[in-house]
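Notes for the one structure printed next.
A, B, C, D, E and F label the chains in the order they appear, each numbered from 1.
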């Protein structure tokens, strides 16, 4: 089996327990996460080999992050240790009509100071067939954007599929370049894209046209495809937020001709919705390596549905659990 | 800004974790609460100065209560320490079809032995424009009722607005006086009232007439206004209890002429509904000091909606959170 | 009051906290449970004397199990200590669309090596009027089946009512006998049965006929009654699984002529549904000893509804709580 | 085997975790304790039947206390439920040079309102051979003192051995009688006494004379024996407080002629020293019912030594653990 | 009473529980600390008014820090909110032969970007008589050093006593200036100094001469006094590290003529020794404002002894607890 | 670097928190351990590649064990999944004069049913230079003994060093063979041995002669060496048990000629002494692969000293931490 490789920032997640407000706690749950890592952890749980590229500080907190990746069989052999600190995000878990709240403390992270040349991409990609990154990575710093571009180029040279999740974050992109300037040439070398209308507008001023929901989706996909020839597949997820504890969830996959539409799920009693998009991306990459497009889409939607019931950033469900839900069993019966 | 002052009992709240029954636990969460304190804590979070008058035992538990109030910027400068004990309530948190259960252990509290003359009300009210009390306060003991009347009288003399929450508790009023006897002269000097039909019947034998919900509400308000000339505004909240985890919530505000009706909210996945009425009262007082009547009502309803997602007796949401919900965003999306 | 006696296996339940997956935890909640014990704990909470017969290892874990039974007034005077180990089950608590998952580690338990002659059933049944067992007991081992048959025979001789819950478990019955071979003669001496169509098919190849839900239920009951003359009453519960956190729940009771149908409940925000069937059985036994048939059924359904809000295997609600729900109050209001 | 009966107050103990100060916590460990109950729990663990007489409020907290006693096989069949509240004590656990701190909240307890005639002592003592009380019991209220005297008299009539632990508490005895006035006639009907020089001075103005430690002990015992003819045995414990975490511990037993002296233990790394005296008393009563005097003393000292390693008010060690320590094994090796 | 003011950095402390290694935890205790804040919290507990000057980020984590200071009555009225982040330190609690380990993540903090002119020192010092800072403050950044010098100068102008704790931290001082260059002019305007030989060597190349311990101490004090005329009093603490759980602790105070020597304490079973030096400084400042020099020293040593038994950065003991230990009671007996 | 391989049983460890007795808990800490795994985890932390051979059940508990090994870089590539269950041990943590207590529940484990031929030892040992086992492994079952012998033989053929820890457990060896019968031929092919006089007597009837401690040690080593020619090095640890919280610790290493004696350590405030012997063995194997004999011994003693401060079965200290202690620093000072 060929490896799936991703590049991104790993963050320490410090979250309040039991829906408490920040001012009510004197302890935090401590976990590790980050968009691209979450993608890989999902894939590793499904059984494919994965390799994560990031930069971590050379201290006990960085070591703990490595150990956590080991635990989930996420490869860490090419990570250059160094830099000042691990980025952190504080999470106040919401419920019902009160949404969760994130306070970022990721500036000056080790990852933001990764440099071109630190990673031997030829070596990294030797047994790999896929490279994934998200819009967060180049949003962190010029250095991170440079390394990401470096990786995309080597991946293309070596014939890997390159995927990206647009993942627009308004509180990044502070280093003096516009997202568009940076993203345009990067996306131009990608083959599989997890897009969204808000991000498409922010990054590329692309706005879908049409009146029905479906027309709008097809329009967005076509405009993206027109702009970026390399793109072969475009996925778009659709979250309906009824409350912090109750969402609906579905997705589409456009293959250049056809718009596959997934089952739509009603998810109540949400445990943790952070990382749901990443779990979709991970399951989609796994699916596209395993099934036909329509099945891959349904696998990805079912997997990311289940993510809403899993504490933490990463989706820890097994392939069997996802296939059971895909098969239509939403009953939540006790498995003995 | 002028201060909001309230008089009432502070209780130690000992609650079971995770919906456990009393017989299942060997630890309790320990927090402080009490109707009038909850009102003030809300107001302090919104940014107005507040001062709480109560009586606490001169021991480490009383000291801890003081420190908790300091934390939330609730003024404690006029609290006479002394008496035997802090009142306690034990809370077994319910869920779904099983309601929460409260066991009171508040008899013989320090507050019940507060005496007329212990508080220099003239001094307390110097920089204040509002005094609040609830029906719990005079229900505790003759002494507490006397001190409350003392405060109401000085407040009226000094031109403060006086508000009350009827808050009828069947397990209080054990000191030989009927609620009516005590409440009648007190409410007769109030300007803003949080009423309810059950309490109005218990306290004053007032029963609304009419066929529609709205007619009944207007009738209750008019009868109260007729009985008590001083009253300028009457608020009534309306909880629909579908289960312990799912309620509906709305309110009205009567200004003598008009009945303002609020948005109605559907609250599922309730975290903690204790103190919701107090959070309404707090936000209403803040609102009447800040907005027009209709906006104040909507602010109060939105704030108390959010209280259902906050652990503990007091509403710890910010003005921004409330205004966001008032603006119509019930989606519970993650705020980054 | 006469005692209710039951025979069965007691298990150590090790469950993950807060909906965590097995791989996420480094601690387990530890409780004791087991179908027949759960039945008795319920009955003891309602106020009848009960006696549990099982076998426990003579070590500190076995001792702790005894102490837990003492706590809930479950009689333990006839338990023969000995054997190798206490059976265990690991529980990963699900939520929403993800069901709970049980990993059994009950092989080679002390209970599986209980032997005929170890229990002086005449003595045990001296002050008793009821004996209960479930299909789990004979499924554990030939020895357990033998002791169960021994008990059923003495109970019949001594005029006790004998009840059983079919409780088919596919992962038991590994000792070389078919469930049918074992169950047939046992059920033939029972008077009250908690049945189900899946178990009836597995055990006795009985399949209901009919088109409406009610026809099917009546058909199943009649076929069971035809097969086993001793049976006087048959109960069947009906769970609708919308998700792991949201179920519907109702039951019927057939008395040979009439099919009593219960209220149907909608249970959202489920806390713990393990043992709901046992809590129904316990409340039914209590009810049949206390009320008429229709009331007994409604009591049992209301009690088992409440079980979904109680952490752990056993239903710890009081008779008052059940009667309150039976009376129609599903509001979950705070009881002060 | 004959029962050991005791009369006393049961308290809810609310303690801080991990040596935290009161102001640092928002949760308390919750346990039940009380001097005479602690004595009985010890004895029950060693295997003798015991019965506790107290008064508890008729609410869920009182019920939980009953269940906890059930768990440890402490008989509760004669407890008259009623009164206002369960007494509480708050415990801030000290370590090293900082001692633990107790804040009492026991006034107005249900036990303080127990009345003569509520307990049918003849019935209680039917199968008993021993009655125990401590100086705390009559210190609580005149009512409690009256009931205690009532019990002592019936016990003497029925030929039971009566024991007492002087247990002087300066913060009790607030009901207008001097300790001496009350204690004198009570102790005059006791046979086994756990005394101490401070309490002997407070209660009876008895002061030992002599120069060596041993002379002082013998003098105290002789003076007590001279004053109270009924006394047959007097025990005195001796704690050396090096720090909150490090104590020495020994005791003597005077039988009217001889002063038995125990082994002296060095106890470092103390886990919980509350209730050590009670565990001595319990083990002494057990010992005097089981061994000769010298062995009973050594058993009692070893048992109470082990109490310092047990969390909570009551000593939960087994007879085997105590005998192992008595046998000289202080090594604390792992028992496999 | 006049206020004590301090300037310094506030850090979020994230510590492992129960002596666990970083790699073993998935939760952290979260507290706030920092040398100068710890000093003030101690003083506030003893009853003097205090004011803390720092810079905090304008987000929920910064708000929580403010609320924690409110709780302990540490004034926060002059804190300019802003900057990027709150500095963090991770603490792995050691025991026995394994020392605690700290990983700093304090670079780029809000405090490091405080600027001259942000604080109106004249206003801050209006009701103050004392200003305190430590060597950590100027070690953070040039900006922090500048603001500290600004404060020292205004304090001198306005006649306040200025104190400093040398507190040399090798991992600070990274901004291009030598500690000596910065510290020399600052210490030259101080009146009370908590020194140490290692820091004196690092900062000023001062090395004591002599053969006995006392000669060395006097020599160090004299050399410091010779170098800095402004200094009136020099304190030096002396920790003997037998293990992470067992230390000895004493101190001296030099008043220009005499060397006062304190009691020496043996502290076993240490709970938390972080902040012990700060608790000494706080108690010394309180003592010098309250007692004579010798008593102030003994108060400071006893207070900081007790700090070793208090979880967290700050010493939360009361004046009564300190005076009790000063009085010679090291027994750790239970206070009832 | 060559791999270190070990064969043994992996157990789930369920321990009580905070020194609680089994009967006091309703939750267990859950960790994985086992003598040979503990040895490898230590070695992996020091930086050598390791591979563990065991058998685990194919369920979520077995999977969690695999993930925990991944985390610590313990190789799991050759583990044959299957069998009934994971062995368990329950641990009641003692303190002071009360020792810890272990209740085993390891019968019928997956490991006990490992079979010859399941492991391709040639493949396993390809990149290895060392094989380790302990006396627990053959004590589990005939099958485990057979596989262990199989491994020892292949290891000898392929030129690996073979080490064993005698580790006599009285509660194993239940399958009808005497320990001697089984151990004799196995030890006869070992090169490095961690022995002890009790085990040497149990296994081989070897008893040392002499009068001084050193004579006895040398005698034991010589007798072992005489009996088993293959043995090159014999280590013996020496624990002095002053209490469960206070031990002394040292060791010797005999190289056929010379008896190296280590530093002796005084360890108070022990956190967790389970696995100390295993941590010695692991550090000794690492040391013998890295240093000269005397240094290896001192490294092993220092490492195992530190183990007493680490929660859990395995020693998680780094090489740097061990070398620091070896260098003589027992001060436990805070490392910043």
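By definition in this document, a residue touches a chain if its C-beta (ideal position, glycine included) is under 8 Å from a C-beta of that chain, and two chains touch if they have at least 3 such contacts.
Source: prediction; values computed, not measured.
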Chains in simultaneous contact with chain C and chain E: A, B, D, F
Distance-maximising chain from chain C - centres being C-alpha averages: E
Rounded Å distance, chain A centre to chain D centre (Cα mean): 63
CA centroid of chain C to CA centroid of chain D, Å: 42
Chain E, residues touching no fewer than two other chains: 23, 26, 67, 71, 101, 268-269
Interface residues, chain C side, partner chain B - complex: 71, 265, 267-271, 305-306, 308-312, 316-317, 321, 325, 330-336
Residues of chain E that touch chain A when the two form their complex: 14, 22-23, 25-31, 59-61, 63-64, 67, 84-86, 88, 90, 92, 101, 103, 105, 107-108
Chain F to chain D touching residues, read off their complex: 18-21, 23-24, 94-102, 104, 169-171, 241-246, 268-269, 273-274
Chain E residues within the chain B interface of the complex: 67-68, 70-73
